[in-house]
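We call the chains A, B, C and D, going by the order they appear; numbering starts again at 1 in every chain.
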Amino acid sequence: MVGLSAGEKHFIQGGIAQDLRSDGRKRLTYRSIYVETGVIPQAHGSARVRLGATDVIASVKAELGRPSGLQPDKGKIAIFVDCSPTAAPMFEGRGGEELSTELSVALQRCLLGGKSGAGAGIDPASLVVVEGKVCWDLYIDGLVISSDGNLLDALAAAIKAALSNTGIPKVDVAAETTGDEQPEVNISDEEFLQFDTSGIPVIVTLTKVGRHYIVDATSEEESQMSSAVSISINRKGHICGLTKRGGAGLDPSIILDMISVAKHVSEQLLNKLDSEIAAAEASDEES
Amino acid sequence: MEYVSPEGLLLDGRRPMEMRQLRAEIGTVAKADGSAVFEMGNTKVIAAVYGPREVQNRSQQMSDQALVRCEYSMANFSTGDRMRKPKGDRRSTEISLVIRQTMEACILTHLMPRSQIDIFVQVLQADVGTRSACINAASLALADAGIPMRDIVTSCSAGYLNSTPLLDLNYVEDSAGGADVTVGILPKLDKVTLLQMDAKLPLDIFENVMGLAIEGCKAVANYIREILLENTKQLEYRRGL
Amino acid sequence: MGLPNASGDLSTEVEVDAFRRLFPLRFYEKHLSESIRPDARPLGRARDTTIALGAVASANGSALAKIGSTTMLAAIKMEVMTPSPETPDEGCIAIDFHMPPICSPIVRPGRPAEAAPVVSKHSGMINLKELSLVSGKAAWMAYLDIYCLDADGSLFDAALLSAVAAFSHLEIPVVSLNDDGKVVLLSEEQEGMSEREPVNKDKRKLILSSIPFSLTCILHKNYILADPTAEEESIMETLVTVVLDSSSQLVSLYKPGGPVLAYTSVVQDCIALTRQRVKELQKILEEAISGMEVD
Amino acid sequence: MMYSDIGRLNCNVSYTTFSTPVRGQGSDHKEYSSMLLKALEGAIMLETFPKTTVDVFALVLESGGSDLPVVISCASLALADAGIRMYDLVAAVSVSCLGKNLVIDPILEEESYQDGSLILTCMPSRYEVTQLTFTGEWSTPDINEAMQLCLDACGKLGKVMRSCLKEAASGSQD
């Protein structure tokens, strides 16, 4: 928990009201984003994203599995987030579980789309190897190493970067099999398939402090929030998911206003992130 | 299987007396009082230190010394197979205990009565020797946090395979099932604070292997000292000294 | 300690509610000496009892039983399983009793209530052979889950009543064998159209040979209180539960300790009370079933 | 427990084993528990009961789609029945997006084929949204339409809930 004196609280709120935050940013400016890819060699894809003092790692692992009976033409994607106690002593033991679940659920909601798969960043149909029999199961793990607010945006960016970095081995299906038998598959060591990550949305969290809202809040600013709305938006400007945090009620018109602001901000964020990812990929290949 | 080639080289091209590559970085977790990343070959851990601070649980407060606590956790993606283990399984409890006891031995706890020091270690990649890597990372993080210590604890392991003592085993070598000796020392005082071995070894060979591990610890100590010195220079530079 | 005397002096002065809270035992004893209970029942009378069948549409058989405000919801789900080699022509029943936190302020999530294991014991009214489909190949597994929605004493009585009612409401789904000899469920639309003969067309209902009913009584000094509420159970500790079947045969008798010793005559009295109660319950259950048939 | 000068709210949602078409484990639903907490905490005057906890337990007896909105509305009625001070009742409604159509209060089958969903929780008299979630891909006009649909429905639901409370109150007075 952030312990702030009344004066500090006043300073933060006053700064936000005057569009000049304590670290010199305007209300709708992000901190600088730093992306590094391929940080976990054992994973199929991984990335580390730093947003100011917030530091998160995302990794993607793929395992061959069986599609569920209800959706034989789709692979499965699961997202888990862990909050390491290194980020804050209160995450010790089971302390981080509540926040971890909240973040996992929010990310699943924002990145995986509806039940039918519409609006998903990664098309689950592209994970199928043999319909109804073999598919890839993607496990996306997020780890919060250092926390200074705005974890959700950072995690979503890290997942986007990790997925761009992901290569799934090419799979050859040996022979046609009949009935319920599982077909034999060969996993190639050399050929890898890349995902099309252009459709993966970014998450923009707007934190309401006083009468104004800000993007990319630090943990001091988050402690002053009355509510926050996280909106995931893709390249096309469509909303792919939304969650609200914080107890205070919001007027419906304000929410619609927030959505249009978030759309505007997301364009800049997407461009910035894409160029950062490209730069990180380039330096990863060099080394 | 041959783990040591006739030329005396190991499978990954190291010599038996050669350590895996070391890399360390100080101050990765901005919010912590002290933090460090430590890599030994493919093993990579982050340690963060919070404290000395007020004791959270009053009943654990000690009036004559500081309370040292440690939690070890592994990231889901740290091992080859993705795992999702609940926190606080037996292995991590045991390692937490080992790290806590080792660090407690070198911290001058009597200087900070009625306070608490938390050490959190997070394994990002687990190869072999997470224990050693964790202790080294924790040492660096404690030093970064400016916590008074008798000396820097460093740790390293050594093994015995194909009748050759090997320094700092890697995954393939470790899974071959030979003996594995993990040693932690206080290099300046030349004292051993941690010694763990599974499997059995003849006594004369054990001495050899342990000697090798201690040499490894000293090498780690030199490296850690360099890193700390470098870090201090940076700090001085930033303060304009 | 001058407490009992003090209570005697105070009883005339203190308000009824305060007296009930401060000296619950004396409060009850005063009532009992007048042969009446605080909720206006005579000692041997059970609370009003109702049964509603088919309370859960997603289950194969279900019932909601209420005794006073004690409420139990029982539901049965049927699944096909392979019977064990020792009993190739018998099905299986699994009973689970749940005390979710909504039923009582004492129950917290994740902590199973103490009463739970006591209730979930088997009564043996069903012939397990009836649950067989194909000998050695397939049989029914009946999962009976009883949820306590409101715990206000006499939990066993209510749980047993709801379980019995759920079994009498149970309708076994129609299944048939496919070409591989596997058992497949037939949905209702398919029922008429399918050319395959259903395996169990005429065995949709279970025959309940003898239906057990129970009554719990509190023994306190010389008094026997039938069908206690939670408050009564917490104040007076000696409980006796008698289970009789529909032909008034004793099925089981259960007295989990308690400070009052039960003499044979007292037990006899309890059984006599239960006998009356069984007649009432039988009537209530029959009415509920016939009410279903009219619908 | 640490001292706190406002009340604490604790929510727990669980399912019975027979609530779903396939027999489940009947375990706690952590996700819904935290969603319920968030939907309610904005409406309760937590400062009116310092140092105390209010436990809200919900048990889903039978699941037929739109579970969470029902749980939220039901819990808010129970809080009102318990006499916990609130700014307003909390009503929740969900909308599913199936192709081009918006379906309000979807049933289980509709939910399993939905392309997107929206759950909106609001305090009808104050016209304030306390909890809002979207999944799936939505364009701005769709969002406007769906939110308006939900807000109207919440208003109607609020009226029903109010009259239900009044009935219960007048019934208990007799």
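Everything that follows uses one rule, which is that contacts are C-beta pairs under 8 Å (C-beta built on N, C-alpha and C of every residue); 3 or more make two chains touch, one makes a residue touch a chain.
Everything numeric here is computed off the predicted structure, so don't read it as measured data.
Once chain A is taken out of the picture, touching joins the leftover chains into the groups B | C, D. Set side by side, the interfaces A-D and A-B show unequal numbers of C-beta pairs in contact, with more at A-D. Averaging C-alpha coordinates per chain places the centre of chain B 49 Å away from that of chain D.
Taking each chain's centre as the average of its CA atoms, chain A and chain D sit 26 Å apart.
Here the spacing of chain A and chain B, counted between their Cα centres, is 32 Å. The centroid of the Cα atoms in chain B and the matching centroid in chain C are 60 Å apart. The set of chain A residues that touch two or more partner chains is empty. For chain D, the set of residues that touch two or more other chains is empty.
The residues of chain C never reach two or more other chains; the list is empty.
Shown here, the protein chains touch in a chain-like sequence that does not close on itself. If you check the complex, the residues on chain A that touch chain B are 39-43, 46, 52-53, 55, 57, 59, 61, 63, 80, 82, 84-89, 92-94, 139, 141, 143, 145-148, 219.
Those residues of chain D that touch chain A in the shared complex are 30-31, 34, 38, 41-43, 87, 97, 111-117, 122-123, 126-140, 143-144, 147, 151.
Of all residues in chain A, only 70, 98, 101-102, 105, 109-110, 112-116, 118-119, 227, 229, 234, 238-252, 255-256, 259-260, 263 touch chain D in the complex they form. Residues 12, 14, 16-21, 23, 26, 28, 55, 57-59, 61-64 of chain D are the ones touching chain C in the complex. Remark: chain B residues 28-32, 35, 42, 46-48, 50, 56, 71, 73, 75-80, 82, 84, 87-88, 118, 120-122, 124-125 touch chain A in the complex.
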